[in-house]
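Just below is one structure, and these are the notes that go with it.
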Amino acid sequence: MAIVLDGIVFGLQLSLLAVGLTLIYGLGGVLNLAHGQFAAVAAIIGAVLVGRGHAPLVAVTLAVLAAGLLALFIDRTLMRPVYKLTGEARVLLSLLLTLGAAFLIDGLLIYYHPSTALNLSVPRLGLDLFGVRMRGSSIAASLVAIVVLVGLMLFLRYARFGKAIRSIIQDEVGAQLCGINPGRVRTVVFVLSGLLAGLVAATQAMISSVGSTDGLNFTILALIVTVVGGLGRVSGALVAGLLLGIVYTLASFHIGAFVTFVILLLAAIATILVRPSGILGKVS
Amino acid sequence: MGLDVQTGADAVAPTPPERAAIVSPLRAYAPVVVAAVVLALLPLAFGGSGYYRTLAIIMLVYAAYAIAFNIIFGGTGQLFLCLGALGGLSAYVSVVLTQDGGLPLLVTVPLGTLLAAALGALFSWVAVRRNLDVIFIGIVTLAFSLVFYNMVQGLRSLTGGETGMVVTGGTGTPLRGAVSYYVFVALLVAFLALYQLIDRSHLGWAFRALKNDELAAELAGIDVARYRIMAGAIGAAMVGLTGALYVHHEGFISPSVFNFAHLDVRVLVVLAFGGIGSLLGPIVGAAAVSVLDEFLRPLGQLRLAVYGVVLMTLFLFFRQGVVPTLAAATHRVRDRVRR
Amino acid sequence: MLRVEDLHVAYGETEVVHGVTFRVDAGEAVAIIGSNGAGKTTVLRTVCGLLAARSGRVEFEDVSLTGRSADRIARLGVAYVPAERHLFPGMSVAINLELGAYPKKPDPERFAYVYELFPRLKDRLAQLAGTMSGGEQQMLAVGRALMAGPKLLMLDEPTTGLAPILAEEAYRALAQLRDDGDVTVLVAEQQVPLALELADRGYVLEDGRIQLEGRADDLEHNPDVQRAYLGIA
């Protein structure tokens, strides 16, 4: 049971990580392979600031904002030419350009901060849940993730801008005819995805350390969750994240860490073969 | 444009291999021969220096990877982001079977190659099964890169983990010593010939058709799925073969050689330079990248950042690759001068 | 209100609209009639910003529309109801309507007006747009376009896929719109009788060119028009 709960904790992080990525795809049919690097950048900036004596909360807030800023920069520079294309050319260019950006960021981070890592300590209180003692760090990380995810879902469902986002995903032309500017919305969502990735760096840092080399891992995990949840479906990313989190933790515990990744890969492949629109099935 | 069934099918069906064969075998394979000769004579330029030979072999190896990627991506548009993982898997399998299993190189290297081919075919098959686009292949292969890295770590007792292990399998074969250069030249020339062979064959025609207009190709009776899988298998086999041969030459294997952030990034830059879909582009690109790599060696890890910038710049401004773009530009200048 | 001058539109290399000129004055209802493939949709899509013109001028209330994005043009007061409607299938009628008013907050008076025009929408507020029938979707599309309080309402073949009774009902609604005086209406239509009955003036578009123009009554009685579109020998 403890493992399942751990799985949920991890799963919440995965959901948080994947939600931004899946939204970007839903809005523009593009994928950001530098997504994990947003988290890595946040981790390093946070770690550096904490190292300089700033209060962790301040450091983390600044770090998350920095991730958002980086996302804004990439959207305004790299994504402009990408959105001018359509269909497969657009996807390809987005993959190649963001891959280049990922390499650039990774190269810089690993070179200048090879061993810097963010570690956030959370007060040692424990809580009993279903008879299992949960560490303060897990609880804190999960709470943040839950609040943000729920907030995001509510926003998408009820806020005017949230509805505008959904409308573009459902029918971009229709949205334009309603006076909604898809480009501007995409930029906002891209920045949001950066902020969310930065936030995951913070929540993960409560549980284990997050360093400069974790960027690619985060990206790939987010990609797998996105695929299993169905590209472009926020609810799918949520469910898939939780599911894969549990699978990951269970497999890790019973079989071993490295086979776990094989299982995740197989999960992605299985989803593509059996339910290409994600585990939640076709959108009605 | 794509929905007019009649014209689509007509546009693709009539002149298949005959069209490619209009270019005589002589003209088609001449560049291959020229490349072979140039590469064979190259050692004269570095006069016995082991350092330059090593550099040249690395160039040949990257060119080989690039040709394989060219077939997969240039031919059928599948973005395989797991070249390092494929080459590495083949290499590790071959090494482990040779050293722990006692099997001869002549068995283990093909086995490794076959395994890589099988995986390449698997990935293509998965994406093709559902008629899915670029994204899924990219994601699945990227995930595989992660899997590979973790497998090497996890099976530490077999693979030597992060630190790697010494490879003895190549001793006593042409893969060691000065002759090794020619082994890799032969490999590369074989790959070039294979590339041309495919291009001029039924396969190449099918590749062009399905890249041009997949729907029309399907309607013309081309089994897109089968050709995609073939391209994936062949390209992956080439990558696997190269990887296995390389480690037996080097005498050492470790995951860092086959890391996504080491191998794949360089192959991408090679193709960005040399142009995707050109025959000799990979060689030109590989030469450029080898030189650049050596030049930037003191920067260490920062090289990754440089390559990232290079990739972004090249794909932003030289969509076709530096070499083809410059070639096209020089043609235009030449035409203008003629008038 | 709307002035289109010498509009040329091409799809790639192929020009499909060759120098079209027309205007729509405030408070009018204007019809552009023509057979399938004449270029009506192309013209409307260019005016509303979904297509880029090769050359020519489009002016709306003395503001140039050429080169502006579709969402910008929508916010300027030009509402377009395409033949494919482009509704949000996974969202309810209510939200589809609400988004029509974006970025403004939906005005309850506007809602009331739309319900008055299309009472059936009011009964189906929670229904998902994707599950509605063709006629209902058409009503929703027009209703959504009206939520922003546009000055010009352009409709592309609003009777597509509608049974004759529903088509008439649609045009009755359009007539009421025109009579209420808030909206100027421009309709592109293949079903000529309905369109000419509604309109004050009309243009005949064929092969990408304006072949005829005039008052709707005159066009209705024009022998060429009668032969080509009204089935009268």
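Here the chain labels run A, B and C in written order, and each chain numbers its own residues starting at 1.
Everything that follows uses one rule, which is that a contact is a pair of C-beta atoms (placed from the backbone, for glycine too) under 8 Å apart; a residue touches a chain by one contact, two chains touch by 3 or more.
This is a predicted model, so every value here is computed, not measured.
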Contact graph of the chains (line, ring, star, complete, other): line
Remotest chain, subunit A as reference, centres from CA atoms: C
Length of the line joining the C-alpha centres of subunit B and subunit C, rounded to whole Å: 54
Computed distance of Cα centres, subunit C from subunit A, in Å: 42
Separation of subunit A from subunit B, taking each centre as the mean of its C-alpha atoms, in whole Å: 32
Subunit C - residues contacting subunit A, complex: 48-50, 69-72, 74-75, 79-80, 82, 85-91, 95, 98-103, 105, 128, 130, 144-145, 148
Parts of subunit A lying in touch with subunit B, wherever the complex brings them together: 25, 31, 33, 78, 81, 88, 91-93, 95-97, 99-108, 110-111, 114, 216-217, 219-220, 223-224, 226-227, 231, 256-262, 264-265, 268-269, 272-273, 276
In the complex, subunit B residues that touch subunit A: 77, 79, 81, 126-127, 129-130, 132-136, 138-140, 142-147, 150-151, 153-155, 260-261, 265, 268, 299-312, 315-316
Residues of subunit A touching subunit C in the complex: 160, 163-164, 166-167, 170-171, 173-182, 283-284
